[in-house]
Each structure stands twice: as structure tokens, then as C-alpha cells.
């Protein structure tokens, strides 16, 4: 009997050690985001969800208890535009001597070789003759179907406190729809998906090295991209009309051919459009209004300009602000010409979130290719130092993106019933010397990867899941 | 003192209709002769021009003693204020693209054009395609957003291009053989250019028939499903219906004649021939077709099709009764259209009025905006340029430019504002330098 | 137009052997080297200016040109062209500038000048009577470099030529007038073109992928190559002078000898103060004379240029500012700035199709602060002196070559017509490809 009991205890201890289904963090400071800060309280997690949170939340029997003395619990951070989870869309290794800094990106980091574009891997390049040929449109794709849990960036981002990304198949002109995924290290990608289809990714350039010229297919110039997109929406509208008419009374009517690209476009409840300069913001907002599509703008480098907030307010579109602040060129030629605009960009770029906050514009921050914890911490800190209140910075990486994507009932704050995505720190999140102690994704605990040695390189990912 | 007080008052009330009087100038109206006098601006329009005018209440007075006023200059061929490439060169017919979608109101070229006296410009797609993209007319309202730059009511246009440029992609470097790295794009010859245009118009004709049929059915009370809207063929349909102007880049006489005949075949008129450097050779045919010609003053020999270009082109065409304008097609030359006009006087003896017309009322006529701009007459938009000296000379400088009765360029303000701007920039440069790590190797001269 | 040409032709024929002699009577003369003289006369004998005065009598057999109501100026000189070397820019077969090779001082532009280039007639009837023609760099070619080739350091010898002559020998004014050196460029300021457009460069205002350290390294390597070449040339010079045994004639180093001896100036394109300082430093180290060509900005270099008496060839006045935030009239005011700094300068148009607009470039400079007579000097006597022909050209003085233009007014005014052009005393028929086409189509019904 004793042996059996001992075996059972051992078994249950092992089970708890591997993956406690019920746990509680107590005596910790809790920043719920949705409500006032709890100076000292408890968060109870069961079955991957937050069961209870409060000063006096009761801890169920058998729960694995973590002593949170001296620690702070935050909702897990959400990266509102990402390619993490789709390894082929990771940015190319930066050229030697430049490092990853100082690069400007207008799209979330995809500078892959054209091999990433499905058309070119399939067959020799067929040059498009107009919008009716659409090699750059893969609108039916869902990021959820391409998630690969072995993407090394998952661990890196998670170690910086991110538990969730809104991952987009960022390629071509209509890349497909983004999916919200939790950064859980699991065997099956499907388990990571929180919401499979949250909006169509649109780009107005192919990025990378496809210099214009007459050899590449349509489109080539910015106005070509806009015409391309416009035509697809016209076609989608027409397609819908025909489909509905055919569905109502097919007899005697030629059937409209099935077009999965147009289906993908019709399925998308919102679109994401790139806009960095003020002129681009104006252009894209008007364009989205013309297309009659709810839109989210991403990039927003010139959001610090005084004209930006009133413009955004007029349209009411939420925006995603890149955290990859423009940096001054390193070791520049002292005589290299710097325009006033680019100087302002470097100087005032990080002030954008604070200004948007004051103007009441709904916005979220996104990592835009940054994935090292130190880089990310510094980037947010810069915004805080430039006028974004700390709690607003936290909100911009938690509840705001959840609201923007319509999943605020599930994510973004520490409230009973929401998904148990948490990050626990010693020190205030985003401060220079703060240590992230542990990260919870869907209630499962992860350790942050160790700091990389000075001089860069990525830290090895620790085996996740082992609780202390 | 009194003037500056009034200016301040006016500045504080931008919403109010601002009355302005510009007095004591030599006013070159273009259509009604030259006079020494004054003009009155009310609500953005020219209210009165004359040797003596009625001074309205609360008017800002600009004393232009010894100075010259001409109508705002209009450039009939420009590529400024465009974001991204001006060419959608991937396909031979790119009529689906629209310059209107990519207006960049922050292009400094706009301000510099203003400083050269230009108040409106015809912004065109490039010349890489036999049929290029849709075009738009802008006013140089520096400081406004993209929508605010658009010349309201100006008919939209589309660009055609003939000759070497649109066939260059058909003849990529490295030849057309197996060793080529860049695929050739049809057409590769002038013959193919004509074919491409005819083919597209053919398709547009069929497209129009489809839509006309649909409209007729609807008019009869039926409920047919509409045809697919095709952005490429829509603007060409408008061309066939006379609702969209065609601006055709061309050089050689054969291609000029070809296009006029193609237009005849399809029942429309080419609005303007652009560059049209051999226009003088087929001037009577151009005149007979009623097409306008917008040309360079004296560029030549940069391409073989420009080898027979002569600076007398404008004069010769004008003699035959063609409405001729002089354009820049260049960010720098746009600033000197006043002296380009003077060249028409030098080459071929065009009169002063006719020369000035080539950069004012003539391009206005070509763009269908002459009821609004192009001359100094009561009722027209107050788009004006004030020069310190006789404008048809390189000795003259632009002092002020007004658009819709508002001062958009003032040389004094520009010059006086420079030290402050430089200081502000230096502050940021210094700030940035301080935050940089010390560079290795030091700066400056070597050895 | 045609009729006049016939009359002149007759007059010239009637003048017999002395078709380079004429008396221009009763015109307003603008010598440039001295004050204008109203209603005076110029006697040209055997291609030279023989006499200037209020009452000059024509010797027997010399025809008389009535200059009443007209003005006479020295023929204009353009200090930056490819005339005769380039016909149609886009057709490579017609372009003879920009040879291959890193060090090519032995190339001479002069003997490749096509006297029948249509460009010559066009520019001379506009009053440009002589020009510097360069083996590279003026116009759109990138002089050996560019188009994927290695950089070219020394492009060859530029020539000062008349814009009229049956052969290039006749057109030559002196031997070579300058050695054209394409100085290594530190970074993008070295001349690959203007500022990078904002929407292309991205908001960090990046000018390219290279760090300053990398740029400096390349620059130093290139400078080393250039100075090494000069060093080799000096050794050759020494060996030649000493008639060392085994001495072999080398055409490249031969071509460098006049440079080393200070007889042939080196023309160096230097756009910024830094580049100008570097060029001057180089010149002092190598002990050669230089002319700075096409600066975009003078700044701190102005004082040094003045102090060391280094002349400057200004590029096109009608040009855009070099940067987004710069004053719109930056290029228009540069000549005035050079003048105020006491620098001696001349104008060059640097594109064949715009050579005839040389005086209008000068006029724009006047509008923006350059004194009128300085503008005129910069297209007449200054270039003559800078290019070593100051004793023969550039002003109306006795014993100088009779390169003259007779105009209806100020040549810097666009409406002014050039009525007569004399080169080496010979009157030029005011006809060109363009006037002939004009005549043909004027009368087409």
C-alpha cells in the first residue's frame, strides 16, 4: 500500500512538475491592464485560462503555487503584426558590417528571395499582362495553415515577454489573412491558433530586390499596385453579384467560374495597408474608404507629425506603429546629405505613440523585425522616454491590439475567463534592468532564453515548460 | 506699416474672403494687352483689372511698383509630385494606373516650380508605354494635401507614347536572342506601337458596346447583371466618348501622322501632341485635326528621333494655326518657362503676346481650363506671378506667386526664413552627432 | 536668312584672298577688357584685330560691314563641352568620350573632333566661337567609369577649339589646354548625381550601404593609385632628362610631362568644399596647376581657392539644389558667391545641346547677384585666360584673334539676335541643320 501511495505521489509530482494544469501566482503585484493595479494579489490559472485574479483570490487545492513576492505579473505581450511562426518569412541575414539596426522596413520584415512567392517556385516566371493575371495574390492563404512551431523566433520573442503574435503571410500583394497565435511550443500548430482569420495583408511594393524595370511583371510602380488592388476589389464585387444571382436561380445562367483569390478577398473582414509617411497615410485611408473596407494601417513612422492624429481621427482607423524606430546611419559620411525630414524622423519617431495616445487614436505597437529581448525592451523604453506613459505602453502591447483585432474577450488583460498568457518580471516591464522571470502561454510556463553573450548572437532556447 | 497691419489681420482670418489689391504694376494680361495699372482680387478670383480700380474695403495692398504681373504659368508636361515611378512599364498598355493615386504633395519640386512662376501643371505618366496611365492637372498649392492639389473640374487625361521610348523595352540590352536576361516586351518597333494602340482601342470599343448594351437594358427597365468593370478599358472607353483627353508623346512626323489617323479611325481627337519635335514638318495636318501641340523650346540631339528638332518648331506650328504650348518635362526647366517663352520670340519671331501665351493661355486651352486660368481677366482665378523685371528675360526673378488669390510663394519670406531653418536643422544634426559613438578613422581629407 | 547667306558668300568671294579681313563700322563695341565705346569701328586684318577706334579707315579691298545700331562683343567661350566628340547621346556609336582604362593621359580629344558635327554650326551661329572639349565627364557619360567598368583616374587631354574650321587642325587654338583628372570621389558627393529621393532612400536618409570607414578605405586606395601614377611619371621625367641608358619612351608618361612641368593645368571635378580641399592638397603635393571644375558648393573652400589663385569652372547655373532643404536658388547664387570671394571663374554648360544657351546661364547668375560685367567676363576673357589663350582670345584688343559677334543688343538677353559671327576674322555663314530645316518648312504649303 505504502509503495502504491508513494508511486502515486511520485506520479502526481512528476505530472505537476511537467505541466501543472492548475497553478497560482501569489503575493505578486498584478498589472491587469483592464483595471487598477493590484498591489499584492493572486492569479489563478486552470486549464490554460485565468480562473481568478484579485487581492484575495482563493487558490484551489492541488494547485502549483508560485511565490510572486517582489515580482510583477503582466498580461503576455501581443505583437500586432508579425511573421513569427512562418520561418520562411524571417528577414534575411543582414549584410556584414551593418548589423540589424538602422534598417528601415515598411513591411514587417519580409525581404526573402523571390522564392517565397508561390508563383516562382511553381513554374518559370509567367509575366503578368495585367490585373487579371494575379501571381502576386494568395488571398485565400491563412497564416494558421503555415505555422511551424519550430520557428526559432518563437522562443526569442517569448523571452522578451511576448505570448501572442498576429502572424501574417506577408508576401506578394494580397498575402492572405493573418492569424492570432499563442507562442506555445507544442507539437501541433493548430493548438497555437487563437483566431485563424483576422484580416487580409496588403502590400504596395514587393520589397527586397525586385527593382522595377520592364522585365518584371505587372505591377511595377506604386500606382500599378493601387490599380491592381482596386481591380481585385471590383472583381470581387462583381463575382459576389454573379455568385448570388446564380445561387438564387442557376437555371439558364452561365455559371461564374470559381475564383479562390476572390473568395479569399471576400472572406476577409478587414485589410491591412502599409503607410509610413503622412502622404501615404492620407493615400491609404482614402483608398480603404474607396474600397469600402475597414482598414488598419501599419508602419506609421511619421505618426509623430502634428497632422497625423487629426487625419487618423477623421477616418477612425486603428493603426499599428512600428517599434523599429528609425535610427541615424552608423558611421556615416559626414558630408552625406541628411534631409530635415529624416532628422526629424530619427529625433521624434519614438514620440509617436505618446502623441497618438493623447489624441485618442486606437493604436498598437509591433516589433517589425526586432526579435531580441534587449532590442525590444529598448525600443519600448524609447517610446516611454519620449512621452508614452508606461501603462499606455503596456496597453499598446496587450489590450489595444486585442481590441483592434476583436479578440478582447479572450486576450489582452488579466481577467477571469481570459486566456492565461502572462509575463512575470522582477522590476517594471521595459525598464533597463528588469528581468523577465517566467512566461505563461495558454497556462503553460516557459523560462526566458538566457541573454546572448555580449556582441550578439542568439541565445539557445531553453527547454520550455519546466516549472520551478 | 499700415500694409503690414492689414496683412497681419488678413493672416489671422484665413477663413474670411481676402480682398487683395496689387497696384502700380505692368500687367501683361495675354488676352487683353498690357497695361500699367492694378488688379483687384476677391474671393480668390480676379475681380477687376485696369489702369484705375475700385479699392474694396479691408483689402490687403501689395504695391508692385516697377514690377510685372503675368498669369500663372501652366506647364503642360510634368512629372513632379509623383510617388514612386512615373512609369508602369511592365505592360504595354497600362491605362489602369492613375497618377491621381500617387500624388505626393510634399515633393519639394512643387515649391521650386512655384518659385519659378508655375501655378498649374499637367502631371503625366511616363513614356514607357504606347498607352500609359491616366493623368491629372494640379495646382501648385504648396502646403495642401493630395486632394487639395487637384485642379477641380479639369477633365482627366491619359498618356500615349510613340517612338523610341515605348519600344525600348522591346529591345532590351543584350539583344533579343537566347542570351537575353530581361524578356522583351512587345512592341519593339514603331509598327508594333501602332498595332498596340489599335488593339487596345479595339478592345475598348467592344467593352463600350457591352456597357452601352447594359445601359440600354437598364433604361428599358430590365435588371441585367452588369458586365465586369475593367480598369484598363474604362479610361479608353472614356477616350472614345470624348470624356478623357489624350496627351501623346511623339517625335517623328510619321508617327505623328499615324496617330492622328488612328484617332480618326476610332472617332476621337488627340487633345495634345507632346514634344512633337517634328511637328513643324506636318504642321498642316496637325492644324487640320485641331490637335494642340506642346513642345520643348530648344532641346535636340539627345536621341536620334530628336535629331531634326529645331528651335523654330513652336513658331512654325503656331503660324499654321496650331495652339502651341512650351513645356518643361523636367524638374529644373519647369522653373524657367518664362524664358522658354522668350525663346519663341528669338527663334521664328513670335510676338511677345503669342510667346507668353505659349506658357499661359495656350496650355490652359489645351487642358480645357481656359475658362478658369491662363490670362488676367475679371472672373478668372487669381493665379498670378509677380516679377521684379520684364519677365521674358533671364534677368527677371519671381517675387510672388498667388494661386486662388492666396500668396503661395514670396521670395522675401523665403530668403528671410533661411537662417532660422538652417539653425533648426543644425540643432538636429548636432544632437544626432552627439548621440553617435565616435567614428573610427576620423573625417575629412586623406593623406 | 538664306538671302543674307548668299550675299555674305558673295561678299566673301568678292573679298578675294582676304576673306579674314573686314571693317565693322559704327557699332557699339564692348571689348570686355575695357569700357564700351559707342559708334566706333574695328578693323580686322588677316584674322586679327588690327585697330579699334572712332574713325578707322578701311584699307583697299577690305569690305565694310555697317554696324549702325548693332553691338560687337568678343565671341563667347564655353568651358565645358563634348563638342565634336559626341553627336547623339543615346547612340553610343556617335559618342567618343569616356574611353576605357584607368590612366589614359595620352588620349587627346582634339584629334577625335569631328569638324562637321551638326552641333558646331548650331552653337557658332548662336555666338559661341570657341569651347573646351573634354575627353570625358561633360555630358551624360561617366567617363570610363560607370557602366560597370573600373574607375578612370586620368581621362586624357581636353582641347580649346574654335567652333569653326575645315579640319580639327584649323580648329585648334593651342595644343592641349588641360589634363582631365577624375579625382577619386569620397562617397556619393563625388558626382553620381543628385540627392536620393526621399521615397526611395527611406526615412533614415540613407545614402547607400557603405559606412564612412569603408568609403575612406576605398578612397585612400584610389588616391594611392593616383599618387603612385604621378610618382612614376616623375621618375620617367627624371630618367628622360638624365638620358639614362635603356630609357624607353612611354606615351602615357610623355603626356604627363607638361603637367609635371606646370605647363598644362589639371582639370579636376570637385563638387564640395571637402573635395576641393582634397584636390588642392593633392595639387600642392604633386606640384601641379589645377582648375576646379563644377563645384556645387564653395563654402570653406572659397577662401583657399582665392588665396591660391585657383580658377574655377562653374557648371550649369540652371540646376536644382543639391539637397531637399537647400534654398531653391542655390545654383543661381553660386556664381555671385564665387565672385564675392574673389575667385576667378568661367561658365561651362556641360551638355552639347545647351551650349548655345551659355549666355542665358550667365544672365540668370546676374539676376541672382552677379554683376553684369562679371557675367560677360566669365564667358569671354576669363575662360580665355584660364585655358592659356588669354593673349589671343576673350576680348576685343589689337593683335588678338578676331573672334567677334555682332548683335542687336545684350547677348545675355534671349531676344537678342546674333547678326554676324567672325571666327579668326572669317565671317561665318549663319546656317545650320536647324536653319535649313526651318527654311525648308517655312515655305511648305
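Lettered A, B and C in written order, each chain numbered from 1.
Please note the rule applied: a residue touches a chain if its C-beta (ideal position, glycine included) is under 8 Å from a C-beta of that chain, and two chains touch if they have at least 3 such contacts.
As the structure is a prediction and not an experimental result, all values here were calculated from the model.
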Centre-most chain, if every chain is reduced to its averaged C-alpha atoms: B
Most distant chain from chain A, judged by the mean position of its C-alpha atoms: C
Interchain centroid distance [CA atoms averaged], chain A/chain C, Å: 61
Separation of mean Cα positions, chain C and chain B [Å, integer]: 34
Inter-chain centre distance, chain A versus chain B - centres from mean C-alpha coordinates, in Å: 44
Residues within chain B bordering two or more other chains: 83-84, 104, 421, 425, 439-440, 443-444
Sequence positions of chain A contacting 2 or more other chains: 277, 328, 330-331, 334, 338, 340, 343, 346
Residue list for chain C, restricted to those that touch at least two other chains: 186, 199, 212-213, 274, 324-325
In the complex with chain A, residue positions of chain B that touch it: 83-91, 93-94, 96-99, 101-102, 104-106, 128, 133, 145-147, 168-169, 172, 181-183, 185, 225-226, 228-232, 421, 424-425, 428-429, 431-432, 435-436, 439-440, 443-444
Chain A-touching residues of chain C, taken from the complex the two chains share: 186-189, 195, 198-199, 201-207, 209, 211-215, 272, 274, 322-325
Chain A residues touching chain C - in the complex, by the definition given at the top: 95, 97-98, 102, 104, 276-277, 301-302, 326-343, 345-346
Residue ranges of chain A touching chain B (in the complex, touch as defined): 127-131, 212-224, 226-227, 230-231, 234-235, 238, 241-242, 245, 277-280, 282-283, 286-287, 328, 330-331, 334, 338, 340, 343-344, 346-347
Residues of chain B touching chain C in the complex: 83-84, 104, 108, 111-112, 115, 164, 280-281, 283-284, 298-304, 307-312, 316, 331-333, 335-336, 339, 342-343, 345-346, 348, 389, 392-397, 414-415, 418, 421, 425, 439-441, 443-447
